[in-house]
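Note that the chains take the letters A, B, C and D in the order they are written out, and that residue 1 is the start of every chain.
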Amino acid sequence: MADFSPTEMMTVAAARVLRNEDVCFVGIGMPSAACNLARLSHAPDITLIYESGTIATKPDVLPLSIGDGELCETALATVSVPEMFRYWLQGGRINRGFLGAAQLDRFANINTTVIGPYGKPKVRLPGSGGAPEIATSCGEIFIVMAQSKRSFVDKLDFVTSLGHGKGGDDRQKQGVTTKGPTLVVTDLCIMQPDPVTKELTVTGLHPGVTPEQVAAATGWALKFAPELTETPPPSDAELAVLRALHQRTNEAHQPKAAE
Amino acid sequence: MAVFSSLAEAVAANIRDGDTVAFEGFTHLIPFAAVHETIRQKRRDLHLVRMTPDLIYDQLIGMGCVRKLTFSWGGNPGVGSLHRFRDAVENDWPRPLEVDEHSHAALANAYEAGAAGLPCAILRGYRGTQHGSVNPNIKSVTCPFTGEVLAAVPSIRADCAVIHAQKADRKGNVFLEGIVGVQKEAVLGAKRAIVTVEEVVDDLGDVSPNACILPSWTVSAVVEVPGGAHPSYAHGYYKRDNAYYKAWEDIGREREVFLKWMEEHVMRQGPDAFKRHAMKAA
Amino acid sequence: MAVFSSLAEAVAANIRDGDTVAFEGFTHLIPFAAVHETIRQKRRDLHLVRMTPDLIYDQLIGMGCVRKLTFSWGGNPGVGSLHRFRDAVENDWPRPLEVDEHSHAALANAYEAGAAGLPCAILRGYRGTQHGSVNPNIKSVTCPFTGEVLAAVPSIRADCAVIHAQKADRKGNVFLEGIVGVQKEAVLGAKRAIVTVEEVVDDLGDVSPNACILPSWTVSAVVEVPGGAHPSYAHGYYKRDNAYYKAWEDIGREREVFLKWMEEHVMRQGPDAFKRHAMKAA
Amino acid sequence: MADFSPTEMMTVAAARVLRNEDVCFVGIGMPSAACNLARLSHAPDITLIYESGTIATKPDVLPLSIGDGELCETALATVSVPEMFRYWLQGGRINRGFLGAAQLDRFANINTTVIGPYGKPKVRLPGSGGAPEIATSCGEIFIVMAQSKRSFVDKLDFVTSLGHGKGGDDRQKQGVTTKGPTLVVTDLCIMQPDPVTKELTVTGLHPGVTPEQVAAATGWALKFAPELTETPPPSDAELAVLRALHQRTNEAHQPKAAE
């Protein structure tokens, strides 16, 4: 077994939850890496959809933006952005959404809008993009993001996208019928919402990670399941595919020699 | 009916101080050349609309052209922040920026409703989020058949829409393909429209009967600006210059560096500067 | 994921007595073969939806399959009446027909809203007309920003949509082009969908990136039925058989003539009868 | 000057009102013949739009249906039917609409729905099709139809599409900002709405037609302008183009010899 980084462990663990028959709405960055790793390993026929309108795309390198040419060139079809959000996302045709976040709370609600007050933010983040409706329209949501006290917070500065709201059946009370976040994969562990309270609970640790480390990287008193699984480390095959993907990607995004 | 003109004439004739302007292009076909001309002409008090502000709005905001921004995701895709946008929101530099913030779904629907001539769009959106508490442009309507409460946002009907496309024929009919984003909707919802194109051709050629085409009579001005979408890209012509996007992180971060760069690369240039990026795929 | 099957199997598996079914195709690509199979299988109490009922609904209505019709224009285009439709409305023969009548704009919007997963569509429609006084499915909503009153109609979400398309690949991805009507919307708004195609090919080939494609996972069954749209037509394959449409005027007018014709041309035939109309343009 | 039929006169008179720069929404039948005659004679660049989605189409023969292959094959572009009604018609992009009718009243309101009561009609007509929204969304409307007491009626059995409502400013009161019917061309005469009352008024007669004939073919006490123009008869060129168009059309719609 090769050495691997926490980020590689996170990407591999996230990729593993995807299945060949999934239709998955993919965010840029870590979600995109995980989804394409799944496609290039155990789920070759997975349908990946990017909000730029590209349906069933099979990029050879990871896109830097949500709409790199590679996505369109390798897609089954490319639709307009209004059609993507209306017919495909809101139409209920997509069963998995993969999101990241700047801040996440214990009920997997997401902030990607501001740090500090909305009217006078300390840090103006990019904003919501597709996330608010991805979070409510996809059949279920997987979240993948690096874990730290700054990002796993007790209280969001702004609720950009709904997770489980205030917990329990709050999500249904908001008129939302989809499952919402069923899994959070970080560089340290795996969390799942408690079946009743919907509070995120650590159910698995990545190899070599202790519960104390995870708790120290979380801004609230994090709950742990009585029995914790240990995430199987990345296999040689998984690492080889992921690293080759990143290698191709880095080469593709370098400035051209001619320029 | 579309008029063929220079880029300077097209911007002068169709974009006025105080206008609501949508420069569109979802990652693909972003009208950089037209934005640079707008900056050179020193337009002021613009209300800009765009789903993904991208570097072009960072440039317009940093150069003091913008009063208000309607948007749904303001970042440098895959790289990081739009520092000029952040500086305006966080520090009011070079002037305060009014923000009308939405989700992608809401803005995509708002463009769609604008093209459809409706006053508002309805969507199953914003549920369980805080957006409605900070933006009076997010309201609701109730379905008269089911009682379901849906989000409503005003439609987007810009004074001027600006897009880049692959080609136009000599009558001014415009063709685009690939990631077509919300460009058709932006143009059809707007009072006026400027389209820059990679090339003007005798005939659009053997395109699909269902191709994305904007007839000449929906466009105010067509301008041939080869390479005019660089560092964005034009499907079938040239690729996205991802290195430029990565470099922007350092160019845009500091005010002085930004202003110096703009002076050199925008203010002292013209549309011809884009030519060297133009390239047609074999 | 689309299943490849015979037409008889596809109809048996996806269209049930009492279902709401939209056989669509706006003049072009009308799924005649699938309709004939539905008639042969003696489906009953169907609620049919279609903008332009055309001969296929005249045939379904006259054969007693239909309980209710949602439509916006019920004629034989350019020829005259749909006599079986008229006989049902005017004389309750062969059974009473409940009518849910709209304008094209309203139904097109209703299909669009169905595909978009919305409970209703809004449009600037029906103003100054009597439609709302005879159809409870026409209501209104008020724009929360401008106060404008807009018409509202329920979205169309059929139990099964049935369309004909040019081709499918071996995974079941479907391609159509030309006059694409409301077919994509009908399929995406429906719970199940049957697509008959002119041909199944290894690869959809060099089609536009923005082509009208229905991925395999949006379709329940794909059936190869060459000529299956005759006497309607398939762009790139065969032309509309306008003479057939003209002849229908006399076939459809009298009950006895109609029943005899149906017995001979539909009940005693199978999908292979359409083969002789299949033809691929050079 | 050649002999000509009343229908030919009607078609030619209707065609003449169209201009090269018009964007015209075309109904099937007589409107289609008039619009294509205009295109093949004095308005070669006119943009003809059919509700099947075909934009700027240039058919060589008249389509039998609203969506014959000829329309798509010769169009600049073909869009979906929802797009046609949303972006192009409701979006206000079309300045002329050309309609026919089964029944017309003195304020140019249209019935194409039923003869007799709606719930138990004597004749079930095809219904509205695109007309209700064509009548209100196009910049202005031209109506072309043969005149008779059966079709020009005192009271419509059903108001399918709005003309000038109850007359005067009733149209604006209904929330409609477009002009509505500004011209009716029949096989006998030309009518225009009175500028104030909006009641249809005969302003011109076709060659050889008397006011008495027109009055006798109308189901209400029809008004005539004090000065009536005489419609110039079809020119040889107009007739030649129209007859050649019909000739090509008839040949194209015959059964194929092979079948």
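A few remarks follow.
Keep in mind that, in the parts below, a residue touches a chain if its C-beta (ideal position, glycine included) is under 8 Å from a C-beta of that chain, and two chains touch if they have at least 3 such contacts.
Going by UniProt, the chains are A, D = CoA-transferase subunit beta; B, C = CoA transferase subunit A.
All values reported here derive from a predicted model rather than from experimental measurement.
The set of chains in contact with chain C (CoA transferase subunit A) as well as chain D (CoA-transferase subunit beta) comprises B.
When the C-beta contacts at A-C and at A-B are tallied, the pair with the greater total is A-B.
With centres defined as mean CA coordinates, chain D (CoA-transferase subunit beta) is found 57 Å away from chain A (CoA-transferase subunit beta). A straight line joining the Cα centres of chain B (CoA transferase subunit A) and chain C (CoA transferase subunit A) is 39 Å long. Chain A (CoA-transferase subunit beta) and chain B (CoA transferase subunit A), compared by their mean Cα positions, are separated by 28 Å. In chain B (CoA transferase subunit A), the residues touching two or more other chains are 112, 117-118, 123-124, 148, 178, 180, 184-185, 209-212, 235. Within chain D (CoA-transferase subunit beta), contacts with two or more other chains are made by residues 72-73, 78, 80, 86, 90, 137. If you sketch which chains touch which, the pattern fits none of the simple shapes: not an open path, not a single ring, not a star, and not all-to-all.
By the definition given earlier, chain contacts exist for A-B, A-C, B-C, B-D, C-D. Every residue of chain D (CoA-transferase subunit beta) that touches chain C (CoA transferase subunit A) in the complex is listed here, in rising order: 28-29, 51-54, 63-69, 71-73, 78, 80-82, 84-86, 89-90, 109, 113, 118-119, 121-133, 136-137, 158-162, 165, 170-171, 174-176, 252-256, 259.
By the touch criterion given at the top, residues 26-28, 51-52, 71-75, 77-79, 81-82, 85-86, 89-90, 101-105, 108-109, 111-112, 123-131, 134, 148-149, 178-182, 184-185, 212, 233, 235, 239-243, 245-246 of chain C (CoA transferase subunit A) touch chain D (CoA-transferase subunit beta) in their complex. Of all residues in chain B (CoA transferase subunit A), those touching chain D (CoA-transferase subunit beta) in their complex are 1, 112, 115-118, 173, 184-185, 188-189, 209-211, 213, 215, 217-218. Residues 21, 23, 47, 55-56, 72-73, 75-80, 86-87, 90-93, 137 of chain D (CoA-transferase subunit beta) touch chain B (CoA transferase subunit A) in their complex.
Considering their complex, residues 117-120, 122-124, 137, 139-146, 148, 150, 152, 154, 177-178, 180, 207-212, 235 of chain C (CoA transferase subunit A) touch chain B (CoA transferase subunit A).
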